[in-house]
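Input: structures, listed below.
In the two complexes that follow, subunit A is the common piece, with subunit B as its partner first and subunit C second.
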Partner chain A sequence: MGPPTTFSPLAATIAFPCNGNWAYLYEPLFTFNMLTGDIDPLIGESFEFDGTMSVSVKLNPAAKFHDGEAVTADDVVYTYQLPERVPEVPWAGSLNYISGVEKVDDTTVTMLLNQESINPGMVRSYLGSISILPQHVWEPREADGDVIAYAELEPVGSGPFKVNIANPEQIILERVDDWWGNELFGAPAPKYIVHPIPKSNDDANLSFQLGEIDLSQSFMPQIWKLWEDQGLPVATWFREQPYHLPGNIPVAIPNVHKPGLDNPLVRRAIAHGINYALLAETAVSNFSIPVNASLIVPGAAEDSYFNQEAVDATGWTYEPEKAIAILEDELGATKGDDGIYVLADGTRLGPWKASCPYGWTDWMTSLEVLAQGAKEIGIDITTEYPETPVFYDAMRAGNFDIVMNSFAGASAAGPWQRFRDAMDSRGVPGIGEGPAFWNFNRYQNADAEALLDQIAVAEEDAKLDLYTQIDEVFRTDVPVIPLQYRAWEFYNINETQWTGFPTSENPHTPPTFQGSGVRVFAKLSPVE
Partner chain B sequence: MSSVPVQATNPEITTPPDETGSTIWRQIKAMMSGRLIIALILVASILIFAFIGPFFLGTGDPMKIVGGLYNEPNSQQWLGTDNFGRDVFTQLMYGTRTSLYIGIVAGVVATVLGVAIGLVAGYYGGWVDELLMGITNVIITIPSIVVLILISIAIGTKSITSMAVIIGIMSWPWTARAVRAQASSVRTREHVDLAKITGASTPSILLWEIMPYMMSYIFMVFVLQMTSGILQEATLSMLGLGPSSSISLGIMLYWALLWESVRTGAWWAFVPTTLMLTVIAFSLYLLQASLDEVFNPRLRRK
Partner chain C sequence: MHVSISCLCRGDLVTVTRYLVQKTGWFLLAFSVALILNFFLPRMIPGNPVDTIVSQMGQGGADSQSMQRVYENYMEEFGLNEPLHQQFFTYVGNVLRGDLGTSFSLYPASVNSLIGNALPWTLALQIPAILIGWIIGNLLGALAAYKGGWFDRVGFTGSLLLSSLPYYSFAILLLYVVAVRWDIRQLVADTAPVGYQPGRGRSSRTR
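Moving on to the complex of A and B:
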């Protein structure tokens, strides 16, 4: 691995910190706030939807790029229209939801919602993740040729930091002392941010433990031992399980077209057989509570859509005896001599392979727990760990028994995108017809699709009811089986050098490196 | 831990077994009070632990999840649990068994190849010798661990047996060189000429006239190859190149490293495994060294 060869947000492989969610060097109009589930003002002062037709965004007149030029409506129009001319730009998907952008005046733009897929939530998500490019810098380059491959070594953004040094060991960002947002959002306290490029996870974790890293987003098993046993000034968002703010739900995806697995009751039996508490403890080091029978993440950005009563009423938990009751009483399955159930029509429940990429240890452990649970209820599931590209090819082709995968994490679009990923068959090629990028098991349900369309355009106060309905469809059909909650970003704090980081007891900033988490730098102070 | 080039120990040409079988037995008996006894006890203990232990101790299934992430040793799980919540003691028994199996397979492959190539080269001499020894010398200069890593990455399906065979295939050259030296000496003896005159075929001469003179050496080299195979498997598996769904000592160390057992203080995930590897290697070396004394008159006189 060498140093980044470009700090362009258009690159095929985007270097730190140029991804649209990072508001360090470049800035999007708004930033996603993991605590509220909404987007916070940045270059955009405010936004207002005109029904489902358009959204009007008011820009902050103070916003300016590092070269002193103001950030204007022209820059926004240029950035949002770029994928029309260069379809390879990373935010090209925005065209599915934003069909046009118009300048009203220097500080106002109107974005037209794509009437073929109206979805204000996804529009909000894009408002919070597309970096605004300086038109005066990028337009001449576009005329010169391939902007995607352009080696941007002196990036011009509008954010509070710029690149100081980049080498194979680290990327160092330097504070922009005259950043336009200093008064509005507070000036960052650290003069430099050093982003080390560690050789491995344990290398990074050791540096963190030694106090050489102040903030780390690596997976650190049993991190609580650092403050409980060693008394180090280390913290996470919560002082106890699940330690981190949940933001996603890795799931097991059964192939709903395989005999046996095509039966929702069999899938529900498998779900009843999984020891979720054990899985949370072993696979993710207690960085998750035992997962609920729901595709909505409770306790964070999506909490307002989570209906605990409904989950308790119709969901499943780890109850092997219920799994056996389903198999024997509801399905009339009989146990063979080998201890594996056979359905009334002669279908043996397995052998099925549950797979995830080799080396993804937390997922591998999750599947081990799943396979062992299945074995105990008389379903034959074994694990298999192919290399990552092999795994993805098979998953996208629909060529699997059970795979593990993560769908969309928390975003300004709410859990909509996760439900779409799990339950929407529209736009997904059938098995053997090409690769799918969501709904890998090609599950199909007209009710779910109708509900997805309703949620996309629903008013906020109607959403809880609609999400409960679609979650109910999910619980009835079990197209996927949630296995654990996953932090949107792990947020490990070591206050040896700097203090003032947010925790659940002092939640002044979301515990994320991306989105609104960038505001943390104004809240820090050096340890005396 | 690294691969151990199996150097020819003492390519001493011993007397044929038919003449001195009873003498060797007397000598073995005479050595029984020495380090051979310790070596035999250690090897027997390892074999009992690996092959008989699982019938009486542990959870019966090394893959069974019986606890949480890195549970400390307790009355149920004598060596605690690993990152998957599986019983480390049970894993250690099954892991030792797998490692011994790998050692035996790799040892057999390397010894058979080395002896066969060495015998043919030493017996025929001339261009056959030069060609075979040329190939051998080329292979000796290639760092076997690098080749092993490349092969492990290249082959799609990994299994314990395929890994053992690959290790064996990469380990024969030193044996071939030593056997070739002995064979080229033995072939000039009278009884070999006699066999040729009586019309014995070449394979028969190699098998019955030449090989018996080096049986003690072949056995010792097998023990060394076995030790080397076990350590090479541990190295490869610890780097994550082993069949992860199996249990071997190297794979146990791989998971322990990956799940940061050292940083989190879960010593039971790596110390017993490391000790077991050390004990196996030590026992086999000790066995080899003490057998060397039994077989080699010069060492014995000392």
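Moving on to the complex of A and C:
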């Protein structure tokens, strides 16, 4: 990371804390709550959907920007319409779901749902992530020209903190003492928040152990040793495995257009060959339970859609003998002299390369476990770790055997986005026709796409059944192979200086830096 | 006393001119080669900078459809969808005007301003280091030559040892002595109450 070059929420690379999900400086209408899977009020007091036509949002009349101007319906309309004029802004995708925004009065707006892709869940997700910009600050800049490249160093937001100091070593936020939300949400206790920009993870982890950092999002292997062996006042959400609240599922994506890998049974055999418990232990320090054969994350925001019975009935687990049974009995494959199976039509299972960016050690270890498991069941998979841009280029082009990736994490749209990212071919250019930004292996299944459209508009009580159905399609076709659960954000607490952070035993705030997690600052008190 | 007066004769002038022309020619050649390499080498690597920007967006939590839209717009804005030779002429034109363009990795900062920000620190470190090195080195050398004996031997071996230490391991040793043993960090007042470290580089959000 370099020095912060802009705090503009319009830029693609935004410095802490100004991207959409951090409600510290800029604030969205609502904030995503990782514990409930829903969005909590902020600038928006409430929202109400009118069927699938529109959503009406009531704004809090008390909300104001740091310069004293009120946050009004005009600011909301300005912000939501900006991507129509400046298509590079990071919330440009909202246009796919919100086709228009209208001011009703100063504290009410109506947003029209895009009738070409009706999806109230995605709309909720955007309500909980698009930062509201002050129109009076940004409109003149837009008139001056290249607003996307505007290097904003004195950001005006409406949140409880503003930038005090920003340099290549650290960003210091200062509390806004007359923040409009003090009475409603509680005033933050700390006067300053210091965000050091460490040179490395080791550097950051050392500072955390020394009690110089109170809250850290770093990957800290075997963090439990800090309280078990060293007796430090350190904690994570859970006191045992998986320690962190899961929020996503990194997956292996086989190229479903390569001979051999195009067979769902071969993909299922590979899935049976992976030692998920070993993977959780060695790759991610037990910050994951052994993953299930499902694209839904159990135990957190998506728990109500997770169907354990269905997973147990038709899913896979680490069972190498079942993999071999599939290969020999169902596929009629025979083992060559080199120990690798050959399908009845002569297709040898491999050599295939499984890849992820070089240096992403947790993923590299995951792929090593996958490759080792495949070898043991007679499928020839080796690993390869290119540089990050090279990796992304190949993955987006569809030019790979197996790649590792994460799709959308937990959001107010539920697991819908993850299923869409893994299984929807609409809007994805074919292999050789341009880069894909989801469905990298260009998997195609009409049933899955129909189910996605149904889930998008379904009532809440119909969703468990529909998600079970699409998860069933996933288990039949195995378009991707889940490898582990991943925390939405690692949440490492050191209570040497401040106390009152949430844990699973005292879940007063979601354990996230972003979204509703910002409310934690009102709950803290200094250690005497 | 004999005083020699040197005069700049015609022959000398020709030599100096030839020397200057030759040097300038070599300089221009090296400059062009550097320019060409600087332009083409990064472009020969698979992938492009917009990939990286868009990936950072994804790690910041942007959804895949936003990434798709932004990708297309940035490709156009940076001219990366134009033919390579056209991109090259644009680049050369900008460099000759002293405009090094916009940084891809620290978008939207201009490269000129990034160099401008870093240069004073580089100079503030380098100039004193060069001066101190020159003065101490020459003093020690002169002293060693004058005194000879054990002083010469210790000085010679010592400087040989120091100069052959790789700078990165020497830096770690210095870091240990200065930051850990002497702990000069205590001199830095720590007034801020909440230290907060939301990860670096890749956020966990999309992983």
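Going forward, the second predicted complex is superposed on the first by the 526 of 528 C-alpha atoms of A that agree within 3 Å, B and C clash if a C-alpha of one lies under 4 Å from a C-alpha of the other, contacts with A are read in each partner's own complex, and residues count from 1 in each chain.
By definition in this document, contacts are C-beta pairs under 8 Å (C-beta built on N, C-alpha and C of every residue); 3 or more make two chains touch, one makes a residue touch a chain.
Everything quoted here is computed from the prediction, not taken from an experiment.
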{"item": "Overlay on subunit A: subunit C relative to subunit B, clash or fit", "value": "fit"}
{"item": "Contacts of A:Trp227 with subunit B and subunit C, given as first, second, both or neither", "value": "neither"}
{"item": "Partner chain in contact with A:Leu278 - subunit B first, subunit C second, else both or neither", "value": "first"}
{"item": "Angle at subunit A between subunit B and subunit C, C-alpha centres, nearest 10 degrees", "value": "40"}
{"item": "First (subunit B), second (subunit C), both or neither touched by A:Phe437", "value": "second"}
{"item": "Subunit B versus subunit C as contact partner of A:Phe49, first or second or both or neither", "value": "neither"}
{"item": "Touched partner set for A:Glu384, first subunit B, second subunit C, both or neither", "value": "first"}
{"item": "Which partner reaches more residues of subunit A (counting touched residues only), subunit B or subunit C", "value": "C"}
{"item": "Contacts of A:Thr361 with subunit B and subunit C, given as first, second, both or neither", "value": "first"}
{"item": "Contacts of A:Phe238 with subunit B and subunit C, given as first, second, both or neither", "value": "neither"}
{"item": "Smallest separation in angstrom, by C-alpha atoms, between subunit B and subunit C in the superposition", "value": "5"}
{"item": "On subunit A, positions contacted by subunit B and by subunit C", "value": "201"}
{"item": "Sites on subunit A touched by subunit B in the complex", "value": "201-202, 205-206, 209, 220-222, 225, 229, 278, 281-282, 285-286, 358-359, 361, 364-365, 368-369, 372, 383-385"}
{"item": "Residues of subunit B that touch subunit A when the two form their complex", "value": "63-65, 68-70, 83-85, 240, 244-245, 255, 257-260, 262-265"}
{"item": "Subunit C partner contacts - residues on subunit A that touch it in the complex", "value": "1-3, 5-6, 11-14, 16-17, 19-21, 83, 87-96, 125, 129, 148-151, 172, 190-198, 200-201, 204, 207-208, 212-219, 247-248, 250, 360, 363, 387-394, 396, 406-409, 417, 421, 427, 435, 437-438, 486-490, 497-498, 513-514, 521, 524, 526"}
{"item": "Of all residues in subunit C, those that touch subunit A in their complex", "value": "45-49, 51-57, 60-71, 73-74, 77, 102-103, 105-109, 114, 117, 190-207"}
